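Naming follows writing order (A, B, C and D), and every chain is counted from residue 1.
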Amino acid sequence: MSVTDVWMIAGGGLMLIGLTGFLFARHLLRRLLAFNITGSGALLMVLALSGNDRGLAPALLVLTGMLVALGATALGLFLLRLWQQQSGHTDLPPPPDPDLDP
Amino acid sequence: MSAAALLLPLLTLALPLLLACAWVLPARWHPWLHRLTALAPLPALLLALLAPADLSLMLPGVLFGGLWLLDSLARALLVATALLWLLAGLYALRYPLATDEKTPDDGGQPGGSARRFQVFWLLTLAGNLGLLVSRDIAGFYTCFALMTFAGYGLVVHTGRAAARRAGRIYLVMAVIGEMLILSGLILAAAGAGAPALQVLPDAIAGHRHGAWLAALLWLGFGVKAGLAGLHMWLPLAHPVAPTPASAVLSGAMIKAGLLGWLLTLPLGIITLPWAEIALIAALVAALGGALIGVTQQQAKAVLAYSSISQMGLITVIVAAGLIAPGLWPVLGPAALLYALHHALAKGTLFLGVNGLAPRWRPLLWLPALSLAGLPLTTGAAAKLTMKAGLYDLAFPGLMLWLSLAAVGTTLLMLRFMFCLQREAGDKMPAGLMQGVTMVAVLASVTGVMWAVPGMGADWGARWGDAGDLFGLFWPVVVGLIIGGGCWASLRSAQPTGVVRAGVPAGDIVVVIERVLRGIGRLWARRPGKDWRWEKVVQWEDDHLHRIGDVALKLERHLQRWPIILFILLALVLAGLLVR
Amino acid sequence: MMVTGLIALPLLAALLSLLPRQHPLWAPMQTLLLVALNLLTLALWRQVGAQGDALIELPLGAGTHWLLQADGAAMTLALLTCWVGTATLVHSGLRRSPGVPDAFWPLAWLLLAVLNLVWLGTDLLTLYIGVEVLGLVAVAMMTLSGKPEALAAALRYLFATLLGSMAYLVGAGLLFAEYGTLSLPALAEVASANAATGTGFALMLAGLALKAAVFPLHGWLPAAHANALLPVSVLHSALVVKASVFVMMRHWLTLAPPFSDSALPLVMASLGTLAILWGSVLALRQTRLKLLVAWSTVAQTGYLLLAFPLLLADDPLLRQLAYQGLIYQMLAHGLAKAALFMVAGHLITATGSDRISQLTGTSRHLPLTLLTLGLAGISLMGMPPSAGFAAKWLMASSALGSGAIVWMVVLIAGGLLSAAYILKLLREAFREGPERDVFEHPPRLQKMSAFLLSLLTLLLGLSTLPVLSLLIGGAV
Amino acid sequence: MSGHWTSWMPLLVLASSLVTALIIFTLPENRHITRGLLNLTGAVIKIVLVVVMVIGVERGMEFELRYTILPGVDFILRADGMAMFFAGLSSVLWLFTTLYAIGYLENSPNRSRFFGFFSLCVTATMGIALAGNLFTFLLFYELLTLSTWPLVTHRGTEKALKAGRTYLIYTLTGGAVLLGGVLWLYGLVGDVEFQEGGLLRHTPEALHGQLSLVFAVLIAGLAVKAAMVPVHGWLPVAMVAPAPVSALLHAVAVVKAGAFGIVRVVYDLYGIEFAASLNLLMPLGIAAAITVLYGSLRALAQSELKRRLAYSTISQVSYIALGISLFGPVGTIGALVHLLHQGFMKITLFFCAGNYAETLGVHRIDELDGAGRRMPLTSAAFTLGAFGMIGAPPLAGFISKWFLGTGAIAAHMHWALWVLIASSILNACYFLPIVHRLWFRPQRGDWPAEQTLSDRFETSGWLLWPAVATGLCIIGAGLFAGLPFSPLSWAQLVASREYLQ
């Protein structure tokens, strides 16, 4: 099993863990963390897939991926705290019922 | 196209219509308008009498190309019709028309105002005179329809329940008649090129369904001419209409049907297969009219049935013309003469119903017996020419039937005088009405001579052989004997008379009404009563609501599991593409 | 050079908008920037029309390079972005307006810049950046209204968009691994139907579908639009949702041909049909104005998906017709939806309540607003002579040409369904209820901006050639 | 677009009412005089332009405006004989309806909105008349639906809104079906223009099967507006609209648009010979006959005056479709001339119905007793209209029934004549009782909601004189049918061009 396969499996495993956490976590912070895990798993997967000496492109791709994940987490945390202050809950309420036409 | 020809449509059609519009003027003009209305037919009469040669006028702009013609046929009919309308108009001057104050007791409505009567009178006059002279299909049909629909106004004038029923039946039969005529004219005109009427007979003769077309026109005009089976409106309309109206209705308007036949049917061109049946039906009308007429209570009803019987005879002549085209040159003038004679005589009798003082009432015997065909009267002359024409028609026992019809007519006349005696009592009509009736009596006896040009010249020759005279004489005598006997027995019983039953006026229409009412009740209870086409494509709100509710329930689930749906979609797409 | 200007100018404007609102130069500066943006977009649009596509390449080493391509479709949508952006910014008032927080302007300009990036991007990296940043900016704008429901909706949208871009990233990685290039034109030549391409393409499609609120994944959209600020929901429904669909189209054109015989086109079209039916039925049942308009967006996105299978027709003319129809539908829907949302906002301010049943009597006192609603509605319904009809005509004739009668019938029947909910609004407005004459009229400038947008749909309906001439040979 | 003035004329005709519409929309509610003036000047300008174009067409001039609106599809406005025929009818009757509407809506709310959409409606009708190809026709056909909906729901009551909803369901679906047909046709043969004698006969044999199906779809789409059974449901329901609107819908705009559409498709798109060779005319004739009889039968059962007139319209409009299906110049003349005559007759009847409703508050037929005495002129006009409908000579109705009848014989479709005769009898059955009540029944108690709208006449001049004028037109069109510029001779001119010499 070559090095890329190992990284592939690691990336895939990380993504799976992240996804399951994403699905079942109710607490918003937990969901955000789960998202970070899946993100890094995906980046790992991309690097593994592209192998080496493939030029600058994969690196750039992963770099932007990381930047975006960073921005997203920051925004998420900010909103999460705002939500916690305003509604006092740490998890999202079930989506509002599309109200019935009387 | 001389200037005089322009007078044709003007005097016959336009003048009365203008006068009808004039009635919109305020009340202070009404007395003058009343007099003018009475004299409205005078110009047409003078035109018919004094016009030099045959006048004809073409106006391409009007309808499909207007065509007016004053030939000998039109001239004769115009004279009689105009004369009758003139007499009835003068008679109406004094006739008590205004009936709208009191509501009649038998559940009717108050009748129309005198003004409304005059307007309808003028419209009907315009229609009647117009159709005599107009010779293009659309023009003739226009005047015919105008006369028919305006006639309704005269029939329902009194507003009584009987009048409204008579009006309703008149209108229903008139519409059916109009539609038959329209379809006949369309079918015939489709083949013919020009819009003129005289083209029709040849078109029908040449048409492969010519017999059917002729039948349509025969029945269509037959409604107006009182054919057997289509006569029901006649005995109902005449008694209820005001006397001048019924005089004109019975005298002049019925003849329009005859004119229709003369102008459109292929008389003298081909024989029609159903002509024999028509002849038999005509005889049935002649005899049946007399039989039922005798049992009537009202004088005018008797006269109405007499009209049916007399028109039956005229129909016999026309039917004979259809059976043996060769005879038509002789039968044509006979039919015309008979029609003129009947117009004047019947008109006079109607006017005489309440136009003569008791003293002068016997004068009515003159037109009555002339109708019956007493020798030396115009009636006799008409009957002679008819019989001369019909002699060599191969129809078994035709002469016998005609004589029986003459007996019937005589009985009718007796019944009429009896009923008149009982009804009129000693009412003293206004002077003018008496004068007019006198003139009418004179005209009915002598009028025919100068009506038909060249008629007077060989008048003497008419009476030549005694055989014919006797042929005319015995039916009258037999009729008088039987009638006198019945009169005497009736007089000896109570004055009210035991014979109250009798056949209701309009005979078979009573049956038809009951049948129609039954069908109406059945129709009201038909199964698919409230099914409507509109429901087929009608969106019901609840369908949409139910779909909406289901969607809303599903939507709640969709919004709760976005992530799982996303993974599901990714897997589905991948599954599709990886294969 | 001008192409990069399309992105640089809005970025510059975003920076400048950070200045405090009270600054006297603030309003003229904004107007100047708006005018500049309009002029630049028009100039570039004419240049592309005249000389054809403008291409900019930045080599990234090892044969891959960063591509920006200004072709007909990109310019048309840049035009749409410019018009709707200008109308929204003008609508939210260049001077002091209490309803809109100061943070709106910089975010709005940033949104416009990113949108232009997405239109122009033709390689996976640019598109990834564009789509991702777009999502984040949109989430940030949604929180501006400060209502708790808006916050909850924003969070839900954040998770959705992050998940989507994650899938897109993995997809891009797979494709790069397979073909070693990121640029779409290069991929188009080498793409072949194998497992890696299939999974990569599927992941990308699914990710973008989630961001574009395509039928089963549309859960987050209604709540997001209903609770966001009016200008935010205008920009989002008119432009942001379309960006994802536009990127889907870009990928579809490059990667779908090898898979044209698979069931993919059928699935996409049926998703579109379901979106139309579902969105319309639910829009009919809404009692609140903004929700109705939001659901209408879900429905109208279905139309765009319907055109995807038509892009794979074998006759190049039919493909071009479908391509023109798709782009024109985006243009028409963008304008009409923006106008509709603005009108919805005006009606809410006028009647004081969000409920549709409160619209009684508005037709008498707000004639211009109702006329705008009518014109926008005509375009959404696809009735002649609107731009919506022209788009429907192009797509339907392409569907008819390639024998796909079912999709043609869905296109036409869809118009009827959208007519149902549009006319539900108009019907309430025409109702003569108890005398109510106190309507708080929105400022004239706002009414005019909405009216101009709906008038554009009418003008674009009457003369389609100028725009369509750019799209000749698009999908061939 | 050629710069020559003749190519701008069709646009000017449309603009004359479009501009009025836009100005009126912006007019505040209380500017009654300016609004009235604007309306009337718009209508008069339109008539003048139409007359100029009629004379121009008579001399063979070409009025055409053309530009490509979509790739491969042109927007064409052309004034040929058929177009001027319908445009003439619309513009003349529109002037009367405008006068009537000004009087009818004397002090009711929302008049700016009403007259705005009113003028939009006439723009759409003019567009339909002048359309040079099927696409332009479809464009104005849909515009007509949208501009008439606000007129139907003008009153804003629950009933009006429900009627508007039903109206839209029918007409929008019809429009969608027509769009499907047009698309299919354009898919088959591309952009085919309306050409006297029709151009589709040059298409290859293989397409004829599909062309017959396309014909069925097109006619189905048009049948909704022409109110043929079973898609006629919207017409009686739309009776809840104010009188000028129901006069407008039934006599001039919507119903005639459908019938005119069928005329265009059969004569100028397919060509009568080609349609006959594909034997498409027999089914059209049968469908029309069914509608003629069904409309008359349902009219018998109506107790409300306007609903009875609505059903009578359903049957009368299908005369036109019946006339079209009679292959032969005479049948065509009958169809075209009935297109005009039915316009005059029906608009008179609706004006009178509106007068009775407005002046006496009478809506039901049994409340009409004695109305002849109270409102003689209106009742006279109604009687003229009624007898015209029955086909009594010398009125306009007789002329068209005569030509339809002879056309039926010439086309060897005798059953069509009997359908006409039966329908005339049914017309008599449901019109004569009304006329009887007007003239021969005394007034029962006082009127439901009597208003004295004018001191000298029975009702306000605005309401009375349009009704009387159109009534006189009925006599004029009938009596003087032979004159050169009468509807009949114009129909003969147009019909003669449809048949290939």
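The rule we apply is simple: contacts are C-beta pairs under 8 Å (C-beta built on N, C-alpha and C of every residue); 3 or more make two chains touch, one makes a residue touch a chain.
Note that the structure is a prediction, hence the values are computed from the model and not measured.
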**Message:** If I average the Cα coordinates per chain and compare with the overall Cα mean, which chain comes out closest?
**Reply:** D
**Prompt:** What whole-number Å value describes the gap between the mean CA coordinates of chain B and chain D?
**Reply:** 38
**Approximate Å spacing (C-alpha centroids) for the pair chain A, chain D** = 66
**Fill in**
Expressed in whole Å, how far the mean CA point of chain B lies from that of chain C is 79
**Prompt:** In whole angstrom, what separates the CA-based centres of chain A and chain C?
**Reply:** 26
**Request:** Pull out every residue in chain C that's touching 2 or more other chains.
**Result:** 156, 159, 163, 219, 282, 284-285
**Complete:** Residues of chain B that touch at least two other chains are 548, 552, 555, 559-560, 563
**Multi-partner residues of chain A (at least 2 other chains)** = 22, 95, 98, 100-101
**Request:** Go through the chains and record each pair that touches.
**Result:** A-B, A-C, B-C, B-D, C-D
**Complete:** In the complex, chain D touches chain C at residues 25-26, 29, 67-71, 73, 75, 109-110, 112-113, 138-139, 142-143, 145-146, 149-150, 153-158, 161, 164-165, 168, 172-173, 175-176, 179-180, 183-184, 186-187
**Request:** Would you mind writing out the residues of chain B in touch with chain D in their complex?
**Result:** 59-66, 109-110, 112, 116, 138-139, 141-142, 145, 149, 153, 156, 159, 164, 167, 171, 175-176, 178-179, 182-183, 186-187, 189-191, 533-534, 536-539
**Message:** Can you tell me which positions in chain A touch chain C when the two form their complex?
**Reply:** 15, 22, 28, 31, 35, 38-39, 42-43, 45-46, 49-51, 54-58, 60-61, 64-65, 68, 71-72, 75-76, 79-80, 82-83, 86-87, 92-93, 95-96, 98-102
**Asked** Which residues of chain A touch chain B in the complex?
**Response** 19, 22-23, 94-95, 97-98, 100-101
**Request:** Spell out the residues on chain C that touch chain A in their complex, using ranges where they run on.
**Result:** 60-64, 124-125, 128-129, 132-133, 136, 139-140, 143, 148-149, 151-152, 154-156, 158-159, 162-163, 165-166, 169-170, 172-174, 176-177, 180-182, 219, 222-223, 282, 284-288, 291
